[in-house]
Amino acid sequence: MTLTGKDLISTKDLTREDYEYIFEITKRIEGRNAQGLTHVLPDRIIALLFFEPSTRTRLSFSTAVKRLGGETIGFSGEEATSIMKGENLADTIRVVEQYADAIVIRHPLDGSAKYAAQVANIPVINAGSGAEEHPTQALLDLYTILREKGTIDELTIGLIGDLRYSRTVHSLLYALTNFDVTVYLISPPLLKLGESIKGHLHEKGVHFKEFDNLADCISELDVLYVTRIQRERFVHPEEYLKVKDSYKINMKTLSNAKENLIVMHPLPRVGEISHEVDNTSHAVYFKQVRYGLYVRMAILSMIFGREDRITG
Amino acid sequence: MTLTGKDLISTKDLTREDYEYIFEITKRIEGRNAQGLTHVLPDRIIALLFFEPSTRTRLSFSTAVKRLGGETIGFSGEEATSIMKGENLADTIRVVEQYADAIVIRHPLDGSAKYAAQVANIPVINAGSGAEEHPTQALLDLYTILREKGTIDELTIGLIGDLRYSRTVHSLLYALTNFDVTVYLISPPLLKLGESIKGHLHEKGVHFKEFDNLADCISELDVLYVTRIQRERFVHPEEYLKVKDSYKINMKTLSNAKENLIVMHPLPRVGEISHEVDNTSHAVYFKQVRYGLYVRMAILSMIFGREDRITG
Amino acid sequence: MTLTGKDLISTKDLTREDYEYIFEITKRIEGRNAQGLTHVLPDRIIALLFFEPSTRTRLSFSTAVKRLGGETIGFSGEEATSIMKGENLADTIRVVEQYADAIVIRHPLDGSAKYAAQVANIPVINAGSGAEEHPTQALLDLYTILREKGTIDELTIGLIGDLRYSRTVHSLLYALTNFDVTVYLISPPLLKLGESIKGHLHEKGVHFKEFDNLADCISELDVLYVTRIQRERFVHPEEYLKVKDSYKINMKTLSNAKENLIVMHPLPRVGEISHEVDNTSHAVYFKQVRYGLYVRMAILSMIFGREDRITG
């Protein structure tokens, strides 16, 4: 298996073998604490094109490139906004590929990363496209589960919050179809997982069950994956406030949880997880951030066929 | 001939010998595909001061510096705007020259780059000053012509669009006075080339002719250089729309063109060239972007007297 | 004495011995003109978190890191603003410390840098916190005095302008308690130094005296440190204008000054020092900028315990 010269657009495109190989490389990087690896990409320039704000993901990729000895160019913020207004995406990609050796793209539209990959002659990594996919987040989520639970198979994994619009959830679910897991989908009716993804899960033989309330299933979970519920999804503010409070994770919520339940979150959080949870052994969301660095370093070294430069 | 320690403010300051030497260094860089050159400026920091937005030019210089092993510092966007409000340009330059080894400046005012060069004790490269000059763009335009046509001399070069306010056009025309070319200037009356530049062309013995319509001269052209016509130049919107459509380059416009006509554009385009042209052999505007990287790498290595580190 | 692994939050935390050691390392860097030192931090990533705009300080740290061979990640401007709205500071710090090896933070709130240092497991350098402290500015100010006057002890140092809200002044005064100096505090009544800092100076045995007018003490000064008076501090515009003019430094103001008086300013200036002063030997404010680079390089190498890599 090789990612050399390939794009990473959707977790649908990866096989179980791919995941295992990516995690093997990631583990080598973790073993070195991400240090001493500046010989991997010393001559590579990676363009970070953030058409949508995302400080965390941008800093994560930026660090990953630099820990591997590479350099970054790119844009974000108001500059990105004015580019989107000024020319079409294809032209931007055709210009940037004259400069960079690979492109990392975050874009508010579904299909944007895929389109960029079709236009570009260099590898494109999807760093979040619309409400659709965020494959490197899914990879780091899986790696977190693997490292914190020792396995992904045979776990019961609960996903809670906005399952309809969260690209993080979608990419993670596609990825989980490669593993032998039971998935619990916990959300208010308005934010239930879309039918097409449910169809995909059925087809792939994933066992899943839907819940309105976390209390009904918390005791069975090995992993609880929390996502943010955004006010803008609700027509009535009072409906949002009700949902928001009933989906908040705190010590009381966790009182019936397994002792070794891990609580994950893609961050940033704005109240979905109470700070009192931070100091418990359940909380792994800041560890996720660290694992994310390792995973992105693995992906970047692999698309350039340089993973052999990372010795264990 | 040497650029060591010099500023690059205007193409007026360069001789034919200068151009030929710059293109020789550029060709060496092209021969190496811009790779394996991080030993050229490994200890140099270049300040990119973009007081006016220009993602393409900024990314081009940023890539050029990094492919040569150097580092960048700088600002753009709202940060640049607030600096312009907060202190005078001389103070900004005097501060930045304490940090960097050279300055690349883009500024909305005519004369800004020249003034910065007078204040600074380190080399200053003009990356676009007002409506006045954009010398590195002219250099990459000339290099594109040289590479795509095999020569600059004896060509008939058409420039179309906003000839009055385009700094790209002005710098290119100054540069072309060093070559034996015929220049066709195609623009609506409102946007004709200014008298002072026309006087300069006369003085230097450049053969040029003015046209209102491309159709009247397209069959004679070896090169067609397209620039954007901006809505803001017109008092009446309908006048803009009329001009905009009649200056748009598409397959129909090109039906009478020479088979080996090349169509150039400094980018970004917003409709001046139809996308159907992109896949023809006429289109060289994305190649221009690549050549621009090589040219800027040449200029940067030369102002530090390091071009001998670039072996062919 | 060692700064290895330590935070730099306040000049109150440093002893005379600390200052002398920092200046010794700084002098070594100055002796090398900041060149040839990319072997000091080749594997370190420093996060520059600018929650408040400060181009000069950001470029200074950015240059310092890169001259030492390190890399930067970070944010500023509107991106910083949206982060502040989106999550609490502790979460931001906990994320960033997964990526970087040290954090440089500028933040509009008093106590912010100290709080960041408590949260973080990596060294934190305060690059300006509220109206409170700006320790690296104080270090570069002291180093400037040392280099330009040959000593800090036995000097009479005047500070003029907004002494109440200037963090630069506060950090400098805390630092000066370690030296045998006389301090003249020159400001309009509204902007006099706060009582708590005056108490601190008393306690430490610093000789200081307050003045309303510079004319009353200019002839006695060895150093004149000028700060900006901000319009926003005044209720009545006419009061601001009166103060602004009477605190402006020009050739007339300096006519009674000692010949070897040095005039300092943290920059940017907006009229506090007339440009006619720039070309006199009194003016050292652009030299301060250069010394600032050396000092920050010293601090950065020291928090990583790498100062031994800087040979004299």
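For clarity, chains are labelled A, B and C in written order, and residue numbers in each chain start from 1.
By our rule, contacts are C-beta pairs under 8 Å (C-beta built on N, C-alpha and C of every residue); 3 or more make two chains touch, one makes a residue touch a chain.
Computed from a predicted model, the values in this text were never measured in an experiment.
K.L.:
Examine where the copies subunit B and subunit C touch and state whether the two sides share over half of their residue numbers (same) or under half (different).
P.N.:
different
K.L.:
Please compute the angle of the rotation superposing subunit A on subunit C (C-alpha atoms), rounded to a multiple of 5 degrees.
P.N.:
To bring subunit A onto subunit C, one rotates by 120 degrees.
K.L.:
Would you kindly tell me how far, in whole Å, the mean C-alpha position of subunit C lies from that of subunit B?
P.N.:
41
K.L.:
Going through subunit C residue by residue, note those that touch at least 2 other chains and give them in order.
P.N.:
Those would be 77-78.
K.L.:
Tell me, which parts of subunit C touch subunit A in their complex?
P.N.:
Interface residues on the subunit C side: 42-43, 45, 47, 71, 73-75, 77-79, 82-83, 86-87, 91, 94-96, 98-100.
K.L.:
Under the definition above, what is the set of subunit A residues touching subunit C in their complex?
P.N.:
By the definition above, subunit A touches subunit C via 35-36, 38, 53, 55-56, 59-60, 62-63, 66-67, 76-78, 267-270, 286, 289-290, 292-293.
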